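By written order: A, B, C, D, E, F, G and H. Residues from 1 in each chain.
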Amino acid sequence: MDPDQLRVLLEEVRTGAVDIDGAMLRLRHLPFEDLGFAKVDHHRALRQGMPEVVFAQGKTPDQVVAIASRLQDISQNVLITRVDADSAAAVTRQLPGADYFRLSGAIRLWRDRTVRGKGIVTVVCAGTSDIPVAEEALLTVEVMGNRVDSIYDIGVAGFHRLMHNRDRLLEARVIIVCAGMEGALPSAVGGLVSCPVIAVPTSVGYGASFHGLAALLGMLNSCSSNVTVVNIDNGFGAGFVASLINRP
Amino acid sequence: MDPDQLRVLLEEVRTGAVDIDGAMLRLRHLPFEDLGFAKVDHHRALRQGMPEVVFAQGKTPDQVVAIASRLQDISQNVLITRVDADSAAAVTRQLPGADYFRLSGAIRLWRDRTVRGKGIVTVVCAGTSDIPVAEEALLTVEVMGNRVDSIYDIGVAGFHRLMHNRDRLLEARVIIVCAGMEGALPSAVGGLVSCPVIAVPTSVGYGASFHGLAALLGMLNSCSSNVTVVNIDNGFGAGFVASLINRP
Amino acid sequence: MDPDQLRVLLEEVRTGAVDIDGAMLRLRHLPFEDLGFAKVDHHRALRQGMPEVVFAQGKTPDQVVAIASRLQDISQNVLITRVDADSAAAVTRQLPGADYFRLSGAIRLWRDRTVRGKGIVTVVCAGTSDIPVAEEALLTVEVMGNRVDSIYDIGVAGFHRLMHNRDRLLEARVIIVCAGMEGALPSAVGGLVSCPVIAVPTSVGYGASFHGLAALLGMLNSCSSNVTVVNIDNGFGAGFVASLINRP
Amino acid sequence: MDPDQLRVLLEEVRTGAVDIDGAMLRLRHLPFEDLGFAKVDHHRALRQGMPEVVFAQGKTPDQVVAIASRLQDISQNVLITRVDADSAAAVTRQLPGADYFRLSGAIRLWRDRTVRGKGIVTVVCAGTSDIPVAEEALLTVEVMGNRVDSIYDIGVAGFHRLMHNRDRLLEARVIIVCAGMEGALPSAVGGLVSCPVIAVPTSVGYGASFHGLAALLGMLNSCSSNVTVVNIDNGFGAGFVASLINRP
Amino acid sequence: MDPDQLRVLLEEVRTGAVDIDGAMLRLRHLPFEDLGFAKVDHHRALRQGMPEVVFAQGKTPDQVVAIASRLQDISQNVLITRVDADSAAAVTRQLPGADYFRLSGAIRLWRDRTVRGKGIVTVVCAGTSDIPVAEEALLTVEVMGNRVDSIYDIGVAGFHRLMHNRDRLLEARVIIVCAGMEGALPSAVGGLVSCPVIAVPTSVGYGASFHGLAALLGMLNSCSSNVTVVNIDNGFGAGFVASLINRP
Amino acid sequence: MDPDQLRVLLEEVRTGAVDIDGAMLRLRHLPFEDLGFAKVDHHRALRQGMPEVVFAQGKTPDQVVAIASRLQDISQNVLITRVDADSAAAVTRQLPGADYFRLSGAIRLWRDRTVRGKGIVTVVCAGTSDIPVAEEALLTVEVMGNRVDSIYDIGVAGFHRLMHNRDRLLEARVIIVCAGMEGALPSAVGGLVSCPVIAVPTSVGYGASFHGLAALLGMLNSCSSNVTVVNIDNGFGAGFVASLINRP
Amino acid sequence: MDPDQLRVLLEEVRTGAVDIDGAMLRLRHLPFEDLGFAKVDHHRALRQGMPEVVFAQGKTPDQVVAIASRLQDISQNVLITRVDADSAAAVTRQLPGADYFRLSGAIRLWRDRTVRGKGIVTVVCAGTSDIPVAEEALLTVEVMGNRVDSIYDIGVAGFHRLMHNRDRLLEARVIIVCAGMEGALPSAVGGLVSCPVIAVPTSVGYGASFHGLAALLGMLNSCSSNVTVVNIDNGFGAGFVASLINRP
Amino acid sequence: MDPDQLRVLLEEVRTGAVDIDGAMLRLRHLPFEDLGFAKVDHHRALRQGMPEVVFAQGKTPDQVVAIASRLQDISQNVLITRVDADSAAAVTRQLPGADYFRLSGAIRLWRDRTVRGKGIVTVVCAGTSDIPVAEEALLTVEVMGNRVDSIYDIGVAGFHRLMHNRDRLLEARVIIVCAGMEGALPSAVGGLVSCPVIAVPTSVGYGASFHGLAALLGMLNSCSSNVTVVNIDNGFGAGFVASLINRP
């Protein structure tokens, strides 16, 4: 959709030849722009009602800076995940107002803080080592306009800890549970609540954890029917889906 | 919680010593009854607002009949999954009004057909061979009180088919996508819509599909951020979570 | 050690040239007898204070009958595991007083019922489908002279069930926990008690359970430090070690 | 359980309203305290009669120091595993009297040296490269109040070495066997003794050892029935369970 | 084939005793020369009509320099793949006119730029992080005498991007598609066109991508029948086969 | 595209408002028809110039018959793969003129025998047990209009056999090589020729062949650069791509 | 090598133009004959001094009979492995004098019983269930002209059994050790002797034996340096190599 | 065996009460000496007629120096494998006359150069990157008293190279073949010769080579019956067994 097409469409909207819904529908699938190495999709925010997100791993600092600079003109909120410490300096310099979160390696520009979700999204993690993944989820959930709660270091081997937090868990509309090693926490949480639980296996562990495989398989075989799973260490994905579920 | 305890609790409710919310909360976590080989949890329906569900695989026909008979007295709706043809006859004889669905091997007693979900749950499958899994998801979604839509045989190799159904996909509140082989359909669907997509890898395929492993890994690595995943062939789990998401 | 050597040794015991401890030590490592296809170790009972055990899988009915017939002359108690229904008839015909347990496929000749263990060995299983493995463990524990308790169908998704049985669990000297699918129950049980927990992954499940691999990995990564693991479906091994631990 | 609750409970003990056993039982499951990033469970020592243990891998030096400082006030003995050389300096500075063991990366504060176990726990390892894992097991076994023996570098390819140490092995109440590569040593040891053997696969090896997988699978398939298995390189877990078994 | 044999053969050609075709056939299978550590096959260019190619990974800089120096005397075009930055300086110094491509680590000496292919070879990649692999493919395709087109950053989650480029895709004689993570792009492209598609899984991703395994399995199970697959990250192999297909 | 749309389009063609190329392009992506359980894509033949193909595995006989009956009205040539013996009778009864090939389980209706390919497609297999896969490839190649050659039972352990057939291999425009066990034959063939080689790993073998995995990995790592790979046992896929490559 | 070439070669031998050694060398690499589905290599016996061997798995009874009939005219000794019971009747009917060995499924025609090996080949197996694989090895070793010894059911958990047979093991020139489950026996045997040990992992076991994978990995990681490994259940291969080693 | 026992035994030899063979036999299994962290087996040279060998990987420089210093007093020849460059300096300083081989990381003290093997051991490798493994094999074969030949860089994709070296291959008594990637070279060599072939998979490759797994599986499934396999990169093991086979 080149500029000419866009102008025609907008004039049709103005004249009433195309109504708002129709224009929304046509805009939803079309525009993007070529930066040479990456096609930035300017309307993705419109299409999915979400902030712009960049996955920085495997991109050079220059590429991340170039994409981020462009996105901040288009979107109020920008989230960049998996930024290493070296690149973070360069990137934050280009994004005034953006914060760098060292544990998760995320950079967040959070200018529009409207709450859009109807309930609470609660982020739970099993151990101290799972916090980086939980943080990535939490940052995502917040920047997408949700009220959040977080409960950290609540392992399945200590039921009393879970029980102690039962009431907070019961208040959530969606729960994200991050756990490595055996990955049993989502099942335990899932058995206590009746809302959807998004399980995030983490690569925390050693030996037969096989970099998160044990946790991943455990979660896929969960005996709690309200559990779905995302990729190992994918805190962002869990936060993204939780936000979609929490929409009114 | 034995009967005496239950009577005390209910009297407390009657006298106002315990209010309704308090009683609900205490009931939510306690009662079950011992059949010897399986503890049937009578209040699970109350706890999660869901029909009774039995996973028949690995159970003898006698065990399934015994559990099912008991459950139909407690719950209006009963769903039994993974029943082989031999056992199905015995089971349906005990559950008047129950239907057997040959492809998915599910038995469903559907007496309370109230619609509780606010939107539409759409079930999509990639090929004819994926239909059994899709059927299990569909039966679950229906019996849990949702309006449903289904689109079958819509592979990723033919984009025009996906595009042809884009409008129906855009109307869904949640979409379940069942696919075997390479499992790419959830990503393609996820890229078209902005609602949550639950991906169900199926064991359809041969050779390097490794009984659904290829599809499972593909879905976990989906480039569409609105996708979460359940176990291979787990149509029930996908239907269950979709219903939770679709609650008002 | 041929018969002559044995006679010499026993005479040395009678004359006091060798004391009882010394004779025990020498007998512990030596004797067996050749049946052609299998060397039956007559002194294994003496060596380890245990009944004779035969692993029938992969042996022909004739082989099992031949070994079993011989063993019943040597040992009061005999346990044969993994016997299929066809072979069971032939075998039980040769072992008067032996019982066949259909679920686990075990045959047990239990003539010496002395209790030797000092505490209680408790066998727990997660679901109805795990009962065959739990039964194999239970039969082993009993025939090795232990008081036993068993708690079946107590999944991790329902904490209240675990809590309901907490007191029984706290009374055990050793606990065996059999679970398939995600295999999270041993961690949950392990977190409630301070005795050793032996985890038995079962092949119960489908899809990404990969025939018990998911449960096995989960148990190996247990966050409860009192958990050790045996092979998938190895109820016998768990019962055997539990009996050794329970010795005074 | 906040301080007020604890005071009430203790007064009930004083007045006799609650007896000692009852108070023990209630204390066993409840208290912990919030450090923000990790809930330190002060009563775990009481609950399991064990020293405080911290798994340092994946935690920042600051986190480890904070947890360790707090724990030394609560428990006589503290064991911190998997500490890298850089963090060790900071941590030992905060724990006067603590020793750092370079091979295994463990830090141990061992103030209460009461012997509680009734027998000897013997730690065996196959090769020089397995010593770090054996050391972690040994430190755990000692700090938990056991008499210990250790036999290093005793591979399965040299039977005479095993035989040479048979008498020492026969004196143990529990044996821990650490081995990498093919992991056959636990079976060989298990065949010589009648006590429980805890097998620890190590990641020692190359090529088709696949970081300890070969040893792990070998041990799980051990033909010696008295063998159970813990995670790859999990010397601590083996020492912990051995201590539980060795309790009177 | 030693020099004497070669002289004899060429004289036979001169006298007509052997015609050109016959000589070609005999030369096709024989000659190479010994550098001590690597037998450089001087006639490979003749045998397959291709430039000389060196796979530098696992070779020392000295070895690469020695092979490359020799090859530039024999062949107009030389391609060296997987050269790290350190070695690149040494190698380019020896090959005047050669260019180093940092992203893919390739060095190319491109003196004969004749176009030999009859159609266009199009290189497509899914994300910015896949560009290094795509570049290796592109350099190969060019140096082997093909007209090329390239379309980067065209993920399966945005169908409109694919559709936007449909016309360019339809003009290709062969298409190379590089994609990591779920590896679904080759199927999507394959469904739009009727020419052969060569799929290159890349190691781009994290967690359950398992270093490209997820993408590899997905591509092998592609539902588009016009897809074949090469090794993970093997851009060179894809470019090589694409060139063979594109020959008149 | 419903009938009305089709009529409009064809009238536009008639009036010249749309020229033939334009109509071809629009038709290429749109039409299919709903049989309820499978959307038969009538224009696939047009879109890819290929016969109709049905993958029968996982479909019921009734489903296969229904699809096949419909397709024979639309396409001169029909190929149905993976038909078991039981279903074959029913299917061939509905397709007069169709042949059933027992080894590969393929059914072929071959009415249009025009040769469209410019060169020869040669199918090679390593052992007698690989013939079913080779046959599936051969039937595909023939029905898609190619001249074919086949060389069976030509293992890599006997170089002289390969050499004996070198001349026939050199005449091919594309070669398909089917091999199980170690899967080395494609490399050996690839080293002899300069045309593209499509490698088909077969599930032939036992033990560490892991149902074709060993052959698959071997082929993906081939040291011959002219080799690409398809799924295990996917003779059809190899034949399909070979036909595309062989087009003028 | 067609008949004409063969005649020329033999005449050259007769006239002395080619001596016997030269003719042997040329014959070693060339002749075979086409049966249509399998190229029977008549000179393999000559080339390797071995009997004709047929691997029957995956071949139809007709194919096996056809190959076997032909081979018995060419070779004194024929060995057919992996014949199922149904096919065995047909095959033995065609090979007068051939014996069928039910456990291993081998058929052997053993007419030339010359002893060619200089020492003893000893076949050891760990358990009764490993006997079929050991039998295949034993039949191979015998038919290839070796003196043999066999020691069955000698597990690694009972060292005294191994020690009891030490002298017989020390007499061997080569030892074949077949073992399933953990596969530790080859290491134990290898540590006792100084001759080469060929390890054959068997698929005996369950659960984490993964059909022989555990035994295979264990053997590949053997700490005895005199051990090499063949495929799972490959008794024939072990016997074949043992015979080559035992040649004078 | 303590010194007293040794003196008694030697006196028995002197008096003739025990003959030399008997004394050899008794010595073969007993003596070793304790260095604290590693039991150096002084009689291993005697037991297996081999030089002392140390596997340095996973040992500290101090440990390697200590073991090596001791061994050089006992054995004429010492081989230390897998020594990194840092440790090599320290070690060679302690072993005058020892050479360090950088590619393979081996240190060799070769004082007794007697040839003991009866034939030639030939070491073949597929590519330049496989040379380190081949070197380890070569050094082992030499130090164990064999005449050697080596042929490097002889891939399966160029048959003519293999053929060119056929005569040298035919002269070997044993052949060691090192190959990474697809690992097909041992099969090709095995098909040309009738002596035993020891295959060494190397970790050379990328992507789906999975660090040597592809080569390992390929070699285990070799269609050449004269091939056995050792661990990935285990050049030493291959050289060791080859030497045993080559003994008269």
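Everything that follows uses one rule, which is that a contact is a pair of C-beta atoms (placed from the backbone, for glycine too) under 8 Å apart; a residue touches a chain by one contact, two chains touch by 3 or more.
Since the structure is predicted, the reported quantities are computational estimates derived from the model, not experimental observations.
Out of curiosity, which chains are bumping into both chain F and chain G?
For chain F paired with chain G, the chains in contact with each are H, in label order.
Please state the rotation angle, between 0 and 180 degrees and to the nearest 5, that superposes the Cα atoms of chain E on chain H.
So the angle, rounded to a multiple of 5, is 90 degrees.
Using the touch rule from the top, work out which pair, E-F or B-C, shares more C-beta pairs.
Result: the pair with more contacts is E-F.
Which whole number of Å gives the spacing of the CA centres of chain A and chain E?
Those two chain centres are 38 Å apart.
Approximately how many whole Å separate the CA-defined centres of chain B and chain H?
So the centroids are 59 Å from each other.
Return the distance between the CA-based centres of chain A and chain H, expressed in whole Å.
Here chain A and chain H have centroids separated by 54 Å.
Which chain F residues reach two or more other chains?
In chain F, residues 29, 127, 158-159, 192, 207-209, 213, 216, 220-221, 231-232 touch at least two other chains, as defined above.
When you check every pair of chains, which ones turn out to touch?
Result of the pairwise touch check is A-B, A-C, A-D, A-E, B-C, B-E, B-F, C-D, C-G, D-G, D-H, E-F, E-H, F-G, F-H, G-H.
Per the contact definition, I'd like the list of chain D residues that touch chain G in the complex.
Residues of chain D touching chain G: 126-127, 155-159, 162-163, 181-184, 187-188, 190-192, 205, 207-210, 213-215, 217-224.
Touching residues of chain G toward chain H in the complex: what are they?
Per the touch definition, chain G meets chain H at residues 25, 29, 47-50, 53, 170, 192, 194-196, 198, 216, 220-221, 225-232, 236-238, 240-241, 244-245.
Would you mind writing out the residues of chain H in touch with chain D in their complex?
Touching chain D from chain H are residues 29-30, 32, 37-39, 41, 57-59, 63, 201, 203, 211-213, 216, 231-234.
Which of the residues in chain D come into contact with chain H in the complex?
Contact set of chain D toward chain H: 127-129, 131, 152-154, 158-161, 164, 204, 206-209.
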